[in-house]
Amino acid sequence: MLKKQIPLAITFITGVIIVVTFFIPHPPFGRLQQDALTWYSVIFGFTMLLGVDSLVKFHYTKLRRREKGWWFSIVFYCGFLLSFITGVISEIRFGDAFNINSSFMYFYNTILVPLQSTMFALLAFFIASASYRAFRARNIDATFLLVTAVIVMLGRVPVGYMLWHKLPDLTSWILNVLQLGPMRGIMIGISLGTVAMSLRLILGIERTYLS
Amino acid sequence: MIEALSIWVAAGLTLAIMSFLYGDNPVYKFAEHLYVGYSAGYWLIYTWHFTIKLMVIQPIAEKQPGALWLVIPLFFGALMLTRWFPRIAWMSRWSIAFTVGIGAGLTLTGAVHGYIIPQVKATILPLWTGNGLTSFNNFVIVVGVITTLIYFFFSKPHTGVLGKTSKVGILFIMVAFGASFGYTVMARISLLIGRLDFLWSSILKLVHFF
Amino acid sequence: MIMFILLSTITVKAFDTPNDGGKSITIKAYNVPETVKKALVYRKTEGDTTYTLAGVMSILSYRFMDADSTIKNGKPYYYRVDFYFPDTVISVEADSPGIAYAQWYDKTKTSSLIFLIVFSTFVLVFIQLAKKDPEGLYIRKIPALDAIDEAVGRSTELGKPTFFVHGLLGITDAGTLAALTILRRVAKKVAEYDTPILVTNYDPIVMTASQETVKQAYTEAGRPDAYNEKNIIYLTYEQFGYTAGVDGLMVREKPGAIFLQGYFFAESLILAETGHSVGAIQIAGTTAKEQLPFFVAACDYVLIGEEMLAASSYIGREPVMLGSVKGSDWGKVFLLAIIGIGVAIGTIGSILQSAGNGALMNVFEKILAFF
Amino acid sequence: MNGENISFWEKLGKIDRRWIFLIIGLVVFIPIAFGLRMTVHVSPAVKSAYDTINSLPEGSVVMISIDYDAASMPELQPMLKAILRHCFDKNLKVVLINFWPLGLPIGNQGLEEVAREYGKVYGVDYMNLGYRPGDIAVMLRMGTEIRSVFYGDIKGTPLDSLPMMKNIHNYDDIAVVVGLEAGSMGDAWVQYVNARFKQDLILGVTAVMAAGVYPYLQAGQIKGLIGGLKGAAEYEKLVNHPAFGHIGMASQSWAHVTIILFIILGNIGYFMERRRKRGL
């Protein structure tokens, strides 16, 4: 009862309240959707502790058992402590760890920014290898995909203009007209699926984490 | 000196991540563990500052109107932490149920009001506008939406007319995917250009430094 | 002389902002000449002797919404707007005071409400029908979902673990909720085959929900003892940090099957290409339309958008679930009918209009305005 | 001979992807290392952005908004530099403003670099307002008085002690606002500042965003649109100062052509294999 019925009831009540108050601008209901997002963030804040705890334990187990590559877990701890400690110090010193002069932001810029942008830049390589491997004219569907991709790729660089001066125009037509319909169709489909899924969750028909 | 060191660190980390392209190796492993560790700590501080401090502590300390309502998320947030105590861990399900309820409510209204209604409205286009090209474009858009939606019919077998329209639908979908793929290539290459330029200018700077 | 003409034409109205929670007044100006450069709105209320600046009016829509914190419901406020022309400034007072109220129903959302009622009715009716008559319910083939068992099975044969990689959105996203349904199926198979699983999470709340889901799946498979919470881990709430971490785990643990499920951003292709390079069968599913092309290119099976959201019905094949899918399809028919009728009215209206009869076109405009 | 030929193509179809990585890396890197450039064709959207600034009388004020951070720097920084060169060349005064706090050092670095090239003086020819939190609220308040939000410049110097700021109070004193955008601030510039103050706007956006912002140009809400690295290269061409945009465009073009060649090779391999299997 406590373990199954109450959670179902909580989801039902919360869901219904949020849907109904969506149509009521009168206070205190008008702001409820926004408030709910704040509430979600606060719960998220608490849960972050559980997450970090799980990650720290994951590496602790590796260290304790001296699993293969265990010493990299020490690197993990160093990185974690570096940001955590500089963060706490900056928060105390400036009252705001995100102050542009804080040590926390200094390490953010020297460590996190290059890591972030390089990881992001790897996409250039993967987009090349994926197109090489996957863009084969196996059937009509794949051929449509391939041909459109090639036209758009060429149409967006000067070489495309040199090959055929109408290519950039064709590319913008594809982007503004041809792909608009299917993208819209996909999104309407997703939205309908979302509504159906949310209804099932609120009504307690769909229970992922409850039996 | 500090500047040179910063450049060394940034350039070194850039190369370390790029080495993953060759295969897994200790240098990448180092960078990866540092990255995961550092960013986990970073987000812990971020959550503290922007969520707990600005959304909870400050409104309560300043007695802002409506701060009392924060009792609700504080209660469910605390319940979430019961997961640390196996005997009462099941209580955290109440919090999950609460967040799922919020999620279901928000996505339901968001999908209808924010997407379905405006997109259906945008698709109601006259197929004749007096201008040949716009009329044709409108036709293409309307057909694209309809056939794609028909592809996502689940409760009827895709045979006969339904089958043929859904075939057209999947072709439209493939064109959209191709366009989207080709469109993104440019941005991704730009990122690499930025990174390699950073690396090259760092090397030049360091050569100059010594 | 010019001033006189301008004065006589510009009018300003102040009224309660409709469909809101009160404490706001809208000021709108009519017949404003295009030469106006700037328009400042001033407000005063009972007891004030002078006007105070309330804000700047848009000179494209000639509208200003005054939602100052001092405004109270039910109290009259008087407004004056100063219009700045290249050579002069003209002040116009609102013809009557504005009084703010809070409304109980937002009329702009009527179309959403109607759709919601129609759609929910379809879903609920078909669920009831399905309960009464479970025979004859059909759901079309979704190959990516049929492949789940095969992927886990192959992974077991090879003696390799199965990976389940969550996307980046939290539990407020429908794709994430659908991913949990799929996780449940995957975890059940994994428990039956007694093969290791690793679930990586970006969002800690999703992590807790995943832990509960996997635990339930193991119980369902009759092996609650084999469940280990440590296999469902949080990595980091940083997009590419998460990517780097998952990539590292992939190349080291060499999973035989990888499920990439949920809402992904740019990292989709990095994950899918790395997964491919370790030789895993990959089943992806996302409601992120921008990322679908990359999954289609790099993965073995892909759940495209709505297919993912129908997964729970497809997997469980319970009549109730299948009924809801049927109801949702009828919702689709309803929308297609609206689009079809709207397009027909618009097209015929437009043709008639060019022939000199604009009546039907007016109907069309009214229909669009209703949405 | 024939047999070897077939196996060559088929082998090519299953080539180790690290070769692809290497080739892409080189194709992008070589133009950067050797400063190779690409001729670009100027599009009407960029030309109209250029014309808007070009038509301003000497001494007019251009406000440039830095709404991006390191991630979009490769695309937007060349734009910033090209526009700054244009402004300084025409003796226009430049005010920099930031809506992304992490873009602060990036924008300032670009500004100082170009200003040095032209021998411009801080506080007389250009200045940087820095960042204030509040996004749209900041934008709107600047409509009545910049000093109501920015008490000092980026270093905290009071605005009135900077000679150029004496006559700059609100949007009436600013000829054009140029928004360099990696997110949603561009929409805010259009929907709030253009709509309420009829402020002339030019937007420079990342390549991914360009299509979404295009309707503003069609509707006349913005005077010009510079999209991605390509747009930056076009602007560089207009100011007659080919720089990183041109180099980047060479990398970009060759990378696109290389990827397309890969696709063609992959398909040849695939069809060879299919033909051989059918033949067997």
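We call the chains A, B, C and D, going by the order they appear; numbering starts again at 1 in every chain.
One rule holds for everything that comes next: a residue touches a chain if its C-beta (ideal position, glycine included) is under 8 Å from a C-beta of that chain, and two chains touch if they have at least 3 such contacts.
Bear in mind the structure is a predicted one, so any value in this text is a computation, not a measurement.
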item: C-D or B-D - the one linked by more C-beta pairs in contact; value: B-D
item: Identity of the chain that, by mean CA position, is farthest from chain C; value: D
item: Inter-chain centre distance, chain B versus chain D - centres from mean C-alpha coordinates, in Å; value: 23
item: Centroid spacing, where centroids are CA-atom means, of chain C and chain D in whole angstrom; value: 30
item: Computed distance of Cα centres, chain C from chain A, in Å; value: 14
item: Averaged-CA centre spacing for the pair chain B and chain A, given as whole angstrom; value: 3
item: Overlap residues in chain B, where contacts from two or more other chains coincide; value: 17, 20-21, 23, 29, 31-33, 35-36, 38-40, 42-43, 47, 80, 83, 93, 95-96, 99-100, 102-104, 106-109, 111-113, 116, 120, 123, 142, 145-146, 149, 152, 173, 177-178, 180-181, 183-186, 189, 191-192, 194-195
item: Residues within chain D bordering two or more other chains; value: 17, 21, 24-25, 28, 71, 207, 211, 230, 252, 255-256, 259
item: Contacts with 2+ other chains: residues of chain C; value: 109, 112, 116, 119, 170, 172, 174, 177, 205, 208-209, 212, 235-238, 240-241, 244, 252, 289, 292-294, 296-297, 304-306, 310, 325, 328, 332, 335
item: Touching residues (chain side chain A, partner chain B) in the complex; value: 2-3, 6-8, 10-19, 22, 28, 33, 35-50, 52-53, 55, 69, 72-73, 75-84, 87-88, 91, 96-98, 104, 107-115, 117-125, 127, 131, 140-142, 144-153, 156-157, 174-175, 177-192, 194-195, 197-199, 201-202, 209-210
item: Chain B partner contacts - residues on chain D that touch it in the complex; value: 18, 21, 24-25, 28-29, 32-33, 71, 73-75, 206-208, 211, 228-230, 244, 248, 251-252, 255-256, 259
item: Footprint of chain A on chain C - complex, ascending; value: 19-22, 102-106, 109, 112-113, 116, 119-120, 123, 127, 170, 172, 174, 177-178, 180-181, 183-184, 201, 203-205, 207-209, 212-213, 216, 219-220, 230, 232-241, 243-244, 252, 266, 269-270, 272-273, 276, 287, 289, 292-294, 296-298, 304-306, 308-310, 312, 320-321, 324-325, 327-328, 331-332, 335
item: Parts of chain D lying in touch with chain A, wherever the complex brings them together; value: 17, 20-21, 24-25, 28, 38-41, 43, 70-71, 101, 104-105, 207, 211, 214, 230, 249, 252-253, 255-260, 262-263, 265-267, 270-271
item: Parts of chain A lying in touch with chain D, wherever the complex brings them together; value: 98, 100, 109, 113, 116-117, 120, 124-125, 127-129, 131-133, 135-138, 146, 150, 153-154, 156-159, 161, 168, 172, 175-176
